[in-house]
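The following blocks contain the structures, represented as structure tokens.
In the two complexes below, chain A is the common chain; its partner is chain B in one and chain C in the other.
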Partner chain A sequence: MKRNSRAFLACAYWAFVVYLFVPLMLMVMMGFKDSKFIGFPIRSWTLEWYLGVFRDTEVLSVFGYSLLIAILSTVLSLAIGTWIAAFLNSYRTFPGRMLVFGLTLLPAVVPGIISAISLRIYARVLGIEPGLWAIVWSHAVHNVPFVVLVVIARLSTLPPSQTEAARDLGADPLIAFIRVTVPYLRPALIGAGIFCLLLSFDDFVRSFFLGGYDPTLPVLIFTRLHSGMSPEINAIATVALVLTAIVGIWAERSMRRMRKEQNA
Partner chain B sequence: MMGDAAVSRGDRVPFWGRTVSLPFYKGLVTFLFGSPRRQFWLLASFSIIWVLFAHLGPILQMLHVSFLDGYPPTAGREPVMTLANYERFFSESIFILPFFRTLAFASLLTAATLVITYPVAYFLARHVRRQRQLALLLLLLIPFWVGEIVRTYAIMILLGNNGAVNLLLRWLGLVDRPIPFMYTGFSLSIGIIYLTALYMLLPLYSALEKLPASYSEAAADLGAGGWTRFRRITLPLTREGIASGCTLVFLISSGYYATPVLLGGPATTVFAETVARFFHVAGDEWPTGAAFSCLMLLTALAIAGAFNRLVSPRRVGAGG
Partner chain C sequence: MSGHLLQLDGLRKTFGRTVAVDHLDMMIEAGEFVTFLGPSGCGKTTTLRMLGGFETPDEGRILLNGEDVTHLPPERRNVNMVFQDYALFPHLTVRRNIAFGLELRRMAAGDIDARVRELAEFLELGSLLERFPDQLSGGQRQRVALARALAPDPALLLLDEPLAALDAKLRGQVQQELKSIQRRTGKTFFFVTHDQDEAMTMSDRIVVMNAGRVEQDGTPEELYDRPASRFVAGFIGETNLIEGRLKSVEGDRAVFDWDGLTLVARPGHKLHTPGEMVSASLRPEHVEIRTTDTDTDGSPDENRFEGRLVDPVFKGSRTVARVELAPDRQLLVHIDRRSILPVDGTPVRVTFSSRHLSLI
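On to the complex of A and B.
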């Protein structure tokens, strides 16, 4: 009985792995097909589509644009998120704390399309033109809750005696924060930062509604899909996939290191 | 700053020492951190302003615009407050239908995701040695890092008429002509479960991992069978994880826009597509779109909150 249920559960796990990986593998494979038409079977293979990605100046500039947006919004959300986390962590008895905490997490529970639309209306009110800064702003708003959650988890394990020791040795609060708290937060900031980079780089709905004439990478893939599937799109998507997967694995490892340090 | 510190290492006074002795810096620090109350306001003011202005502001502004009769404003004409945008929703079935379709769809998909991922999470938490758990979990996280559009596209290739599934079915001799999977509720479900499964899996895994195996063993000693143990011990004690997983998946899957556009068809139009049309095709109908968005946000949060209350009574609110 017990052995049967274990076998069943193992099958469920591996079936799930197949479900997650096979579509992506097929997509990578299709980028090697020597034909304009997407579909099986693949009779002859070519590298042409992948080489084309690196020759297509539009695609390359869109890669750069998406990367720029990801970096800017990540820096912004790390700074803002750390600030809010420091506040929520230091004043645990502040009466409005739960309200501030709830509002901090709000962007994480608003469904994507509604978040994009409300930010689009708001950008109009603030006079932010659709484009680079509108996208950066919307990504920062969306990412702040995740930064706060990660940073606060790390901050709560910092013994107060450490910053107090720095203060006793003559450091003012700012120096104590920069030289004691920030180094302690480093793994959390790296982990949250990479998470933000990925969220921003992969985001479609906010970039779509707040973007100007220049598309980000997901928006470019979306618009090209409207004129039909082609192995060229597979190659672009695969390059994006490889980039994000590498960064994601790196993030996972740095988060795990942080957890290990916390347990030690 | 770190770079400067490294450069100045050769000097007599280190970088931080020089910075601290600057009169401007001294003044600034005394001004900002002079008293505990000032420290509090420094941290509190920005945090509170940011969450009110950037997190709550867009939602409130959307609510405001939803009551206006015209937006963006035209020159020389003051917008008037009206309920017409909400009335419009209740008057036409092309709006009501996608609305309820989205809610029903998101609920069904949430349930399906729960059923699919629970055995996976259970296997990881209970039947795998601790060392291997992280490796097997990491394996599942890799596809999660790939974006929404790329994964949607992967599903299109899987299910197309010339896709892998149809090829396999024809090769097995089960069908003569391809089954049109694409642009149906089926392809949309496969796609959305593909995107959201990990938001369910992670809370379930962490709930199951925290649950000591001794509880089930105690029940077994008392004579409970496998199914009873699961129903009476494991399931109730992991309901926190179930609640947060379901809340997340419900809210996320009701908010997808690109995936229904790419994988769905005319019969599966979801409310996100209805709402988006007011912003892209018909540019001057923002208030109607805002009103519809408000209705959807309110309903989605209410359902998620009620579900949370029902499943884990101790927790308050819809926070996932």
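On to the complex of A and C.
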């Protein structure tokens, strides 16, 4: 009986893996097809589509643009998120604390399309031109809640004596924060930062609504889809997939290593 | 300008409805090793934190070298603290931990280096300078915390139960070390603990606190021999607390009645009038025990009774037992190995001088 249930679990697990990865595998495979049309059967293979990605100056510049947006919005999210987390952590008896906390988390749960439309309208009211800064701003609004959650979890484990010791030795509150609290938060900041980078790089809705003439990578892929599916798109998507997967796996591993060091 | 290093004037601190410290007045002189001793919640840690600048008193003033520091933040006081959990910075090496306070004082790199080396040598940390705190043992961490707090040359060093995290064996050794460090540096140590043994071992002066108030302030000997209150007598060492009705007081002879037994005691810190109920403290080691057949008529001790030895417990150098003088009237005694053979039920004669029985 026990043996059967274990076999069943194994089957279910592998079925799930197939369910998750087959679409991705198909996408990667089609990028190698030596034909303009996506679909089986594949009669001959080519690297041409992949090489094309690296020769396509538009793809390369859009990739750079997306990366720039990701980095800027991440820096902004970390700064604002850490500040809110520090505020919520130090004023634990502040009566509106739960309200502030709830409002902070709200952007993470509002449906993307609604937040994109409302940001678009708000940007117009504020006079922010659609384009780089509008996208950076909208990504930061979306990412701040994740930073707050990760940073506040770490901050709540900081013994009060750490900052007190810094103050005792002559640091004013700001220097104590920079020299003691921030190093303590480092693993949380790295983790939250990578998560923000990936979220921003991947975002379509906000970039679409708040973008100007220059598309981000997901927007570019979307517009090229309009002119018909071709293995070229598979190649672009695969390159993006591999890069984000590498960043994600690297982040996961270094977080685990850091945690191990801390427990040691 | 007063001549005292530290002066506390009517210090009071409340948390909600709890009074943590209640009108504390005190002078502390330079070079003293002062210990605040008391059970948890007695106000000793709150006092320490007010001196460090981590709590603001509701009332009263703190004068350090004659300067009012009551409302100065911690970073602007010439006072450093050794925290209970040591609070070493985990991301910095031992060297950088010790240098932390010096870097913030904008000291030249060469001077910082020299000072760190001096302290490392003094506290035997030389070989550990490049390690991180999580690579140190408990005792080593404690020494690093001490070095870090001493580095900026504070006028007053605060120590918040720094030995509580160490195991019992190491604690005794560190007590000696700490006392010797204090003597050699000549620094004023303000030490807080709930461990009376620790306080007795290291301090020049002990302040016993209870429920926000000072119960007694004196040398370890004074506290032990002449406790000012029942609380102090019970908190410091083992003692027999004897209660009875005072019959007469003449000079240094106070006679009182302990349920039919007449005892001669020494008057204490407070004035008592005959007829009043009084307590007296008698340390177990001050009770002399002899067998009943010994002739003790020549002994100068005023208090002499006969009883029966019960419940002897062997403790190595001595035996702890009780002597039953009458039903429900027992004395805790220490028996020297060379005096009598401690057998349960042995009839004994106990004597003790009035000098050792002090009224509270």
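As a working rule, the second predicted complex is superposed on the first by the 254 of 264 C-alpha atoms of A that agree within 3 Å, B and C clash if a C-alpha of one lies under 4 Å from a C-alpha of the other, contacts with A are read in each partner's own complex, and residues count from 1 in each chain.
As a working rule, a residue touches a chain if its C-beta (ideal position, glycine included) is under 8 Å from a C-beta of that chain, and two chains touch if they have at least 3 such contacts.
Since the model is a prediction, treat every value here as computed from it, not as a measurement.
Student: Applying the document's definition of touch, where does A:40 land relative to chain B and chain C: first, second, both, or neither?
Tutor: First partner only, chain B.
Student: Between chain B and chain C, whom does A:166 touch in the aligned arrangement: first, second, both, or neither?
Tutor: A:166 contacts chain C only, not chain B.
Student: May I ask you to decide whether A:184 touches chain B, chain C, both, or neither, giving the answer as first, second, both or neither?
Tutor: A:184 sits against chain C, while chain B stays out of touch.
Student: Tell me the contact category for A:175 with respect to chain B and chain C: first, second, both or neither.
Tutor: both
Student: A:20 contacts which: chain B (first), chain C (second), both, neither?
Tutor: In the superposition, A:20 touches chain B alone.
Student: Once the structures are superposed on A, label A:198 by its partner contacts, choosing first (chain B), second (chain C), both or neither.
Tutor: So A:198 only meets chain B here.
Student: In the superposed arrangement, does A:207 touch chain B (first), chain C (second), both or neither?
Tutor: Neither chain B nor chain C is touched by A:207.
Student: Give the label of whichever partner, chain B or chain C, reaches more residues of chain A.
Tutor: Touched residues of chain A are more numerous for B.
Student: Quick check on the output: what are the common chain A residues between the chain B footprint and the chain C footprint?
Tutor: Residues common to the chain A contacts of chain C and of chain B are 172, 175, 179, listed in rising order.
Student: For the complex, give me every residue of chain B touching chain A.
Tutor: Going through chain B, the ones touching chain A are 1, 16, 20, 29, 32-33, 39-40, 43-44, 46-48, 50-52, 54-59, 61-62, 65, 71-72, 116-117, 119-120, 122-124, 126-127, 134, 136, 138-151, 153-158, 160-164, 166-167, 194, 197, 226, 247, 251-252, 254-258, 262, 272, 275-276, 279, 286, 289-290, 293, 296-297, 300-301, 304, 317-320.
Student: Give the list of chain A residues in touch with chain B in this complex.
Tutor: Going through chain A, the ones touching chain B are 1-2, 5-6, 8-10, 12-13, 16-17, 19-24, 26-27, 30, 37-41, 80, 83-84, 86-88, 90-91, 94, 96, 100, 102-122, 124-125, 140-141, 144, 172-175, 178-179, 198, 201-205, 208-209, 218, 221-222, 225, 229, 233-234, 237, 240-241, 244-245, 247-249, 251-252, 256.
Student: Where on chain A does chain C make contact in their complex?
Tutor: My answer: residues 159, 161-162, 164-172, 175, 179-180, 183-184, 186, 264.
Student: Under the stated contact criterion, what part of chain C meets chain A in this complex?
Tutor: These residues of chain C touch chain A: 52-54, 73-75, 79-81, 83-85, 87-91, 100-101, 104-105, 134, 148-149, 152.
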